[in-house]
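Read through the structures below before going on.
Look for chain A in each of the two complexes below; its partner is chain B in the first and chain C in the second.
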Partner chain A sequence: MKTFDYTIKDELGIHARPAGLLVKKIAGVHSSVTIEVKEKGKSADAKRLMAVMKMAVKQGDTVTVTIEGDDEDAVAPEIEQFFKENF
Partner chain B sequence: MVVGRGRPVYEGVAIGRIYVRTKEKELVDRKCSDIEKELKRFEEAKETARAELSALYDKTAAEIGEEQAAIIEVQSLFLEDLDYLEGIEAMIKSGSDAAFSVHEIGDAQASAFAALDDEYMKARATDVRDISDRLIRILTGADQGFRMDEPGIIVAEDLTPSETVALDKDKILAFVTRQGSSNSHTAILARVMNIPSLVLTDIDIDPSLNGKLMIVDGFSGNYYIEPDEKTLSEMKAKQKSAGEYKAGLEQYRGKESVSRKGRKVKLFANIGSPSDIKYVIDGDAEGIGLLRSEFLYLGRDDFPKEDELFEAYRTVLEAMNGKKTVIRTLDIGADKKVAYFNLDAEENPALGYRGIRICLTQKDIFRTQLRAIYRASAYGNAAIMFPMIISVGEVREIKAFCKEIQDELHAEGIKTGDVELGIMIETPAAAIISDQLAHEVDFFSVGTNDLTQYTLAIDRQNEKLDAFYDAHHPAIMRLLEMIASNAHQAGIWAGICGELAGDLSLTDEFLKMGYDELSVAPSRILELRKNVINSEV
Partner chain C sequence: MGIFTKLFKNAADPANTLASPAEGKTVDISEVPDPTFAEGILGKGIAIIPEGDTVYSPCDGTIDLMFDTGHAVNLISDSGIEILIHIGLETVSLKGKHFKTFMNTGDKVKKGDKLIEFDRKAIADEGFNTIIPVVICNSDSYSEIVAETAKNVAPGDLLMTLKK
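This part shows the complex of A and B:
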């Protein structure tokens, strides 16, 4: 299991378009990817767009991303990089 | 030129093209026998929708801009969403047909977005509905949406609240319906929106009317289809002078509503949904005297969730920025035809299982609504009023229940505001015992439409009775006087929120009786204020 924390910098939070890109990016990944906002007690499967959007993650929220599965070592850094570039 | 008549519900003259609004076919679950085939149909519909959206994206990006195009992109993303697709597929696998499954799952997802505490995410509910409508249209071949490209006049049999919700209100110049009444949903909406409209018209509704030029004269009740030059120029002149009269009322904007002898009255607005807020602001209302709650329950398939109700009430309270907002709890009955309430058909719905009677019997419905209102009360100046009251016992039961809800919320650490509790006086029983009721509540609001109908035993929907009907019947005037006097003796305030409140010939009477508040359609405020300011009483 790999995990990282990231604080959202985008002023719109995790809104539709980048969330869509994220879902597309990890659609082919074997591992399960979970996004969690611990302060709000919310979490969602990152492969499910509406579920991710319904968390309504805002600028300044800290998300914990957990990657678990046989390809976790390879994909975890890529996902972290994606967050830094898009959120 | 075709000339006809209807009953005018709001003054003014509208000139524009006709849009015929025909009934939407109710989507029913026709069930499917061949599940594999139905799944394949859904798969194909999805492909078609994807291709349509892709073409629409290119066109929008080229002609309108990237920002609009991004909305289309979001919709194509939703089309791939796993929760959405799996939900629909699961329903099909359980035997439902594809169109119905899309409708159900789409509705559930849209409601979930609408309940979010985030303006951007809330607005995504529309995207879920749009993509669902697109799929349903592809699957059924029938257009679910009614769209207006330019401003025009809507001609219809009648319009239900859910139909009007879907209309682009900025584009409606007038409503012309064959059915309806002065108190029907369309009539109420026309007054709120400030547009001339006719109900009970003798018009033959036919798709061939689409696009034809029509004039609606909300003063005389006449309409003209394909008018001749002379009529057109006369009506344009009439429209201009009506516009000038309205412009003349602008001098009363922002003024205090006080008569020459110093009698003060608050002029509030009656509205039906949070989207009416802009008319409240435009109309210069001093508060909201009646926020109907029915809009939250109509035109849907299941009860609204507490969060959804809370968000709707909070939106209104925040927009009112500290001005009083009187929220009326659910006033629904067998005549409103809301399937999921499972109400039995009744011989006489006006005297039936409705309003507070439903709320006091099915406390779970009442609890959800009251929790939402109390939660929202932390964001503004909220008051609650209860409809269809006939006894002191009912009021005490309601008050105890409100206390229970408040305690419950406080125990959960949720803040609530100071909320006045009042009742509608709309039954003769409540009017007659208003001296006793006044000791139980913070205010009265007289619902003159029902009070008149119950007192005179006249159904307002029945045209044959028009000759017998007298809105100024001495019995009503006596009751109104008695209600105000009983309220003031007990030290509470009294208002009128029925149609009669806006009757300019009665403003002096109401001031003499001492009414503290009159609540009318937002478009009526300035005219009423002019009347108050110029009153000699």
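This part shows the complex of A and C:
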């Protein structure tokens, strides 16, 4: 299992478009990927678009991303980089 | 298509059809000048160039998420269709201005219930495109999604037919 925390810097948070980009990025990943905002007690399967949108992640929220599966070592750095570049 | 054929087609599987949420003219989703929608990143769908100022529920279902900015709403139909209705492009940045919501996350809705009112002219005057993409977020669950493009639609008219 790989995990990282990322605090959202984008003023508008993870709304429709960023949620779509995230799900698209993760679609080809074999591992399961979950996102969680611990302080709000919410989590979602990052491969499910509606679930990601429903998180309504805002600027300043700290998102814990957990990657678990046979390609976790390869994909975790890519996913972390994606968060840094887009959110 | 004759009226009887059309009625029959609609009657065949009403749970897998969506009604137009707005008045306007429908266009193919690929014509939306925003790659997030045009390239299907959020799913397959259709778009409506609105001629009214209200968005109604396209089906019986549940509000999965009413965006607090009022510019978009996610619904899950009683048959499991996951629908995003997005009013205008880049309108998230209006942060709720010009939008008024009538339902909340978690509410049960019937087809035709009023969901959102938006000030179409004011949004356009601020330089935003007011086109309304309607996309199926779980498009992969359907073998075929037929969109009624290039039509003038009133709220409640057939917009999309989905096949498992």
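The definition used in the following text is that the second predicted complex is superposed on the first by the 87 of 87 C-alpha atoms of A that agree within 3 Å, B and C clash if a C-alpha of one lies under 4 Å from a C-alpha of the other, contacts with A are read in each partner's own complex, and residues count from 1 in each chain.
The rule is simple: a contact is a pair of C-beta atoms (placed from the backbone, for glycine too) under 8 Å apart; a residue touches a chain by one contact, two chains touch by 3 or more.
If you're wondering where the values come from, they're calculated on a predicted model, not measured in any experiment.
K.L.:
In this superposition, which partner touches a larger number of chain A residues, chain B or chain C?
P.N.:
Ranking chain B and chain C by residues of chain A touched puts B first.
K.L.:
Which of the two partners, first being chain B and second being chain C, lies in contact with A:V63: first, second, both, or neither?
P.N.:
So A:V63 meets neither chain B nor chain C here.
K.L.:
Contact-wise, after the overlay, does A:I35 reach chain B, chain C, both or neither (first, second, both, neither)?
P.N.:
Touch partners of A:I35: none, neither chain B nor chain C.
K.L.:
State whether A:K47 touches chain B only (first), chain C only (second), both chains, or neither.
P.N.:
It touches chain B, and chain C stays clear.
K.L.:
When the two structures are overlaid on chain A, which partner does A:L12 contact: first (chain B), second (chain C), both, or neither?
P.N.:
Both: A:L12 reaches chain B and chain C.
K.L.:
Have a look at where A:L22 lands relative to chain B and chain C in the superposition and call it first, second, both or neither.
P.N.:
neither
K.L.:
For A:A76 in the superposed arrangement: first (chain B), second (chain C), both or neither?
P.N.:
A:A76 contacts neither chain B nor chain C.
K.L.:
Take the contacts of chain A with chain B and those with chain C, and give the residues found in both.
P.N.:
12, 15-17, 20, 49-50, 53-54, 56.
K.L.:
What residues on chain A touch chain C, complex-wise?
P.N.:
Interface residues on chain A, with respect to chain C: 12, 15-17, 20-21, 24, 49-50, 53-54, 56.
K.L.:
Would you tell me which residues of chain B are touching chain A in their complex?
P.N.:
Result: residues 70, 73-74, 77-78, 80-84, 109, 112-113, 116-118, 120-121, 124, 128 of chain B touch chain A.
K.L.:
Going by the contact rule set out above, which residues of chain A touch chain B in the complex?
P.N.:
Chain A reaches chain B through residues 12-13, 15-17, 19-20, 23, 45, 47-51, 53-54, 56, 58.
K.L.:
Which residues of chain C touch chain A in their complex?
P.N.:
36, 41-43, 64-65, 67-69, 72, 74, 76, 82, 84, 86, 92-93, 105, 137-138
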